[in-house]
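In the two complexes that follow, chain A is the common piece, with chain B as its partner first and chain C second.
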Partner chain A sequence: MTILETTSPRSERRASTRQIWLLTVLLSLLLLSALSLRFGLRPISWDNIWESFVAYDATRADHLVIQGMRLPRLLAAWLAGAALAASGALIQSLTRNPLADPGLLGINGGASLGVILCIFLLGISDPASFVWVAMGGGLASTVLVFFLGGAGRGTPLRLILAGAALSALFLALGRSLLLISQRSLDVYRFWVLGGLDGIEMPTLAALLPFFALGAAFAAVSSFNLNAMMLGEDTARSLGLRVGLARGLAVCAIVCLCGATVSMAGPIAFVGLIVPHMARHFSGADMRWCLLFSAFLGAGLMILADLIGRLPVFGGNMQAGVMAALLGGPALVWLIRRNGSTAL
Partner chain B sequence: MNAPARLHAKALSVAFAKTPILKDLTADIPDGKITVIVGPNACGKSTLLRSLARLQKPDSGEVLLDGKSIHKQANRSVAQRLAILPQSPSAPEGLTVQDLVTRGRTPHQSALRQWSHQDAEAVGRALELTGMAPYANRPLEALSGGQRQRAWIAMAMAQDTEILLLDEPTTYLDLPHQIELLSLIQSFNQQSNQTVAMVLHDINLAARFADHIIALRAGAIFTKGSPAEVVTRNNMEQVFDLRCQIISDPVHRTPHVIPE
Partner chain C sequence: MSWSLRLPFLSLSFSARAVAVGSCLLLLVTVGSVLALRLGSYPFTETSWLSVLLGAGSEIERMILMDHRLPRILTALGAGACFGLSGAMFQTMMRNPLASPDVIGFNAGASCGALIAIILTGGNVLLGALIGALLTAILVVSLAWKEGLPPQRLVLIGLGIGFALAALSDLLLSRTDARTAADMAEWLIGTLNARDWQDVWLVWSGLLLLAPALFWIHFPLARLGLSDDLTSSLGLRLSPLRLGLTGLGILLAALAVCTAGPLPFVAFAAGPIARALVPNGKPALLGAAVIGALLVLAADTASRMVPSIQLPAGVFTALIGGPVMIWLLMVQFRKGKL
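Moving on to the complex of A and B:
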């Protein structure tokens, strides 16, 4: 048919634009990563960076800084940004609510309460031991939210409402404990700001399985969510087991966000903002939206961390705070330019 | 006695909040024919269709697809044989016609095997049959109501099932677009021998396009049969409380209702 012949080049062009954008985003991400290794309180030359990878020498300060501090920090920024943004895309699509944030499932609230309880009851103040407490708190509260929200059978709205209610409850409980105990507050303050300071390779390695599992769940969910975004009836009619698909998406979010919050504390906004940016490149296809979200999220975190290290900000502005400072205006600009792309 | 139809409702009862909607209803959806379910508002038409499509779980009774209870079969395997287009479905903003129609292939795909030659062929065929190929890259919200409905029909066609259920596919369309859409469904039925069952409000359109009409009243089948058997003065008065004259449509020779 002539009609088909005239339209197929258009659709191909559309698909290839998306691929070119993805390539551009990836290249920018690599560039940012390189810059993030190069600059900091102590600028290190490209040669030294290269040598620290190929001929590591533990007696040289430059090598120690790159391998012991900047590389783990860079990887943490990659993982945190990608995980948060991908979870944001998942939850916004799952709940069909453009304002949904992965924190709505109660992960951050549960993780915070876990950390506070750990400081308050056990008197632990070493940030490294917060990892598993935060993870446990986040997991427990998400399981609670999922079952209060109807265990996959309830509406997405019920899920968010259950999450919002429990988050508020956990926040209130945590704050009342902090009011009682000044010592807990002092320790907690550093954790809650959400930063990439002091993350070491062993922590990253321990959390990597959760990120990998989350990524696998997310990949399968992206296929399911493509059908789910046409409404529950249509999704079921297309052969999807809706409850199972919802559960799987929640598992993906829990793994990704749980690992992130236990690594870097609660970081807001990245999960809310980045999926909106991603949709401008990806359109309504969830598989592309997840890819773009992950790469843009990683890029935003690295950029935020890089700028936060500039001397202007005293050299240690938290990446989570800076990400929101950068991401907010960028989103406003995108919306003003193209109009909002809803779900 | 004929072989039983592939899609069969057996003693279905459905209630919402203790209000009975369907009462012990038994019906066959004849294979390869167009069946139209008619009846006054709130008589349970949509509930019957949704039950047939396993979107509504009955309180008692069951729906049989190929001789087995539809709720006991794997959802995906049902979706390869039966498609339903729900009433006024919604799509995310920015979704293109091509993307939408591609989603119709979901039951033939899996997360690991997402695109095949058959998928491309079925999507291309559905776009062509519905005349939506020139609009393939348009987002749905940039289409007129009639085009949008055709895009959804194209999605259901791409699903490539032997049975297609449609819940009020002509809602919000003006008369020319209603005729266009129903003609499209009719020609598709004639070409592919697909079984079609749909809910329609307009009794005259039902009479014109249906092979088989099921008339519901208060959750039970009042009468069923060919348009000539169902669309009679007496039935219209009993089912719709409508006093009318029936004439023969001068063009299509189907019964035509003239309300008094």
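Moving on to the complex of A and C:
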């Protein structure tokens, strides 16, 4: 089936239009980024934005808003959207299941449980220290899911069932702890709703290595996953070590999503839906699919953040919620227009 | 080992394992229900609950048993069975273990309808949830329809609509005052607090009405796990079958969500657990129904047993179902079945 697709005239045409699409997506991404710096509760003129970059003046409120609030927020939206969408594409290809999302590996459940346990047992309520706790929780639960799911040797079904059961368990454990302790709820509520608010440059800088490492792993994985799409046996006969390739893809997802969840809390929608949108532009090739997923994910997050900041929504609507509200109908429209692309 | 039942119009085969597992599960349901009747903030002794049920006992005892615990338990059983059935049906039809109704958006429609009903009328939650679920279902099916009902399309469109509706619920929740929000939050996790006989009638009469259709559809459903070409060469007409299955599944999910709220994890876990207990390759609808009922009953009883705070049952479904599922998976892994 894959071989047929690559030789059909339709996908040849697609290959040439793919670059144009990528360029369009990139340009709109830049435009959105500029708009996201410009608008908000306090509109700032283009001149001031430019000046804040070339001649930063800490005494001017506009410059402070741009450099201290909007720029970190924009970068966080970029990173979160791109990381979530790319790891969504990875896990959907890894499990060969269009309904898989990165949370399936237990990262979100583990991170939430980690944060809640940290508040509940240690009484810590400083959001800055949650970054590492969330990271650790996500990492630990992913290791658990990966080994219960067969450590790269089992079938995708095994990984899916193990992941779904464990992450549901972690989320339920966290939730029941919250219901028992009002104090934990008060702190946790802000973490989980935090979204992209109040992210500062030092946090971003600390998490940047993880994003970079994850991106590198993902880039390598995209070649492996392309081979694995032909079927496990074919991939093996092509000389690929399937268990290792799976492990590498899981590492990529952990780095990307662990960093995202510890930065912006669990965001459900982007990782699940954006890869489906990306496949309409990229076709089946994982390398293109990852690129498109990353850019579309970043674009969706920035747009959602921008719209969520409108006064209509009280000036502060969660970007994750907004992304679902915008992205859901967009996905339906894409599928109705182009038909669904199989994995 | 297996036995077969042969009638002029019907023949069924039972494997020994299925019969054994089935009777154990039914025994568990009975014991569980009796325990759930007896336990609580006003406990009954080994024999007193029976005499109260038969008409003896004081006014208060009768009220506790007949007006509070019994409807609650019956609703839990019915709603759990509906969740289990609809989950197993969708998972088999879509050939995807993740395609339970709570993942592909039908529960989100019901919750959203309930929330809108609370905001607009202050009550009528049941009706709102039912209308919400049915409207969502009609929307999803009509958007996904393209010379038939391709499962992939249905799943993806369901996802998109489901996420948008869940986001809409969040949005509504954030725009209301704190007291209504607390009321509404209950509808986003699922609880069986304060159920009355109206709920019992609704869910059980719905189940009974749908039972013949379920029984009939369970034969072709067992073949839908095969590839499309193979299924149609067996003489099954795929599109009407899929439409019928989707309709049934949605009705069941709507019944469950109306009476118990969108309890997480039940619809997802019941099918795989049932199939792990009776691994014969069939969709195991009956098994999934009983497992679902057991899960919800256990979750609800557990939520009543926690002293001093009323925890919603939705918290406990995954807390109880998760370990069971993980244990079964590990047993299966060790046997090398997965």
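One rule holds for everything that comes next: the second predicted complex is superposed on the first by the 328 of 343 C-alpha atoms of A that agree within 3 Å, B and C clash if a C-alpha of one lies under 4 Å from a C-alpha of the other, contacts with A are read in each partner's own complex, and residues count from 1 in each chain.
Basically, a residue touches a chain if its C-beta (ideal position, glycine included) is under 8 Å from a C-beta of that chain, and two chains touch if they have at least 3 such contacts.
Note that the structure is a prediction, hence the values are computed from the model and not measured.
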* Counting only touches as set out at the top, which of chain B and chain C does A:Asn97 meet: first, second, both, neither? -> second
* Tell me which partner A:Arg279 touches in the superposition: chain B (first), chain C (second), both or neither. => first
* With the two complexes superposed on chain A, say which partner A:Leu157 touches: chain B (first), chain C (second), both, or neither. => second
* What is the contact status of A:Gly123 with respect to chain B (first) and chain C (second): first, second, both, or neither? -> neither
* Structure fact -> chain A contact check, chain B vs chain C, more residues touched by chain C
* Quick one: classify A:Asn226 as touching chain B (first), chain C (second), both or neither. => first
* Examine A:Pro202 and indicate which partner it touches, taking first as chain B and second as chain C; both and neither are also allowed. => neither
* Applying the touch criterion given at the start, work out whether A:Leu169 contacts chain B, chain C, both or neither, answering first, second, both or neither. => second
* Structure fact -> So the chain A residues that chain B and chain C both touch are 342
* Structure fact -> The answer for chain A against chain C in the complex is residues 97-100, 148, 150, 154-155, 157-158, 160-162, 164-166, 168-169, 171-173, 175-176, 179-180, 268-269, 272-273, 276, 313-314, 317-318, 321-322, 324-325, 327-332, 335-336, 339-340, 342
* **Residues of chain A touching chain B in the complex** => 1, 3-4, 6-7, 10-11, 14, 96, 219-220, 223-224, 226-227, 229-231, 233-234, 236-241, 279, 283-285, 341-343
* chain A contact footprint on chain C (complex, rising order) -> 96-99, 103-104, 143, 146, 150, 152-153, 155-157, 159-168, 170-171, 174-175, 189, 264-265, 268-269, 272, 309, 311, 315-319, 321-323, 325-326, 329-330, 333, 338
* Interfacial residue positions of chain B with respect to chain A in the complex -> 50, 53-55, 75-80, 83-86, 89-96, 98-100, 103-104, 106-107, 109-111, 114, 124, 127-128, 133-134, 136-137, 159
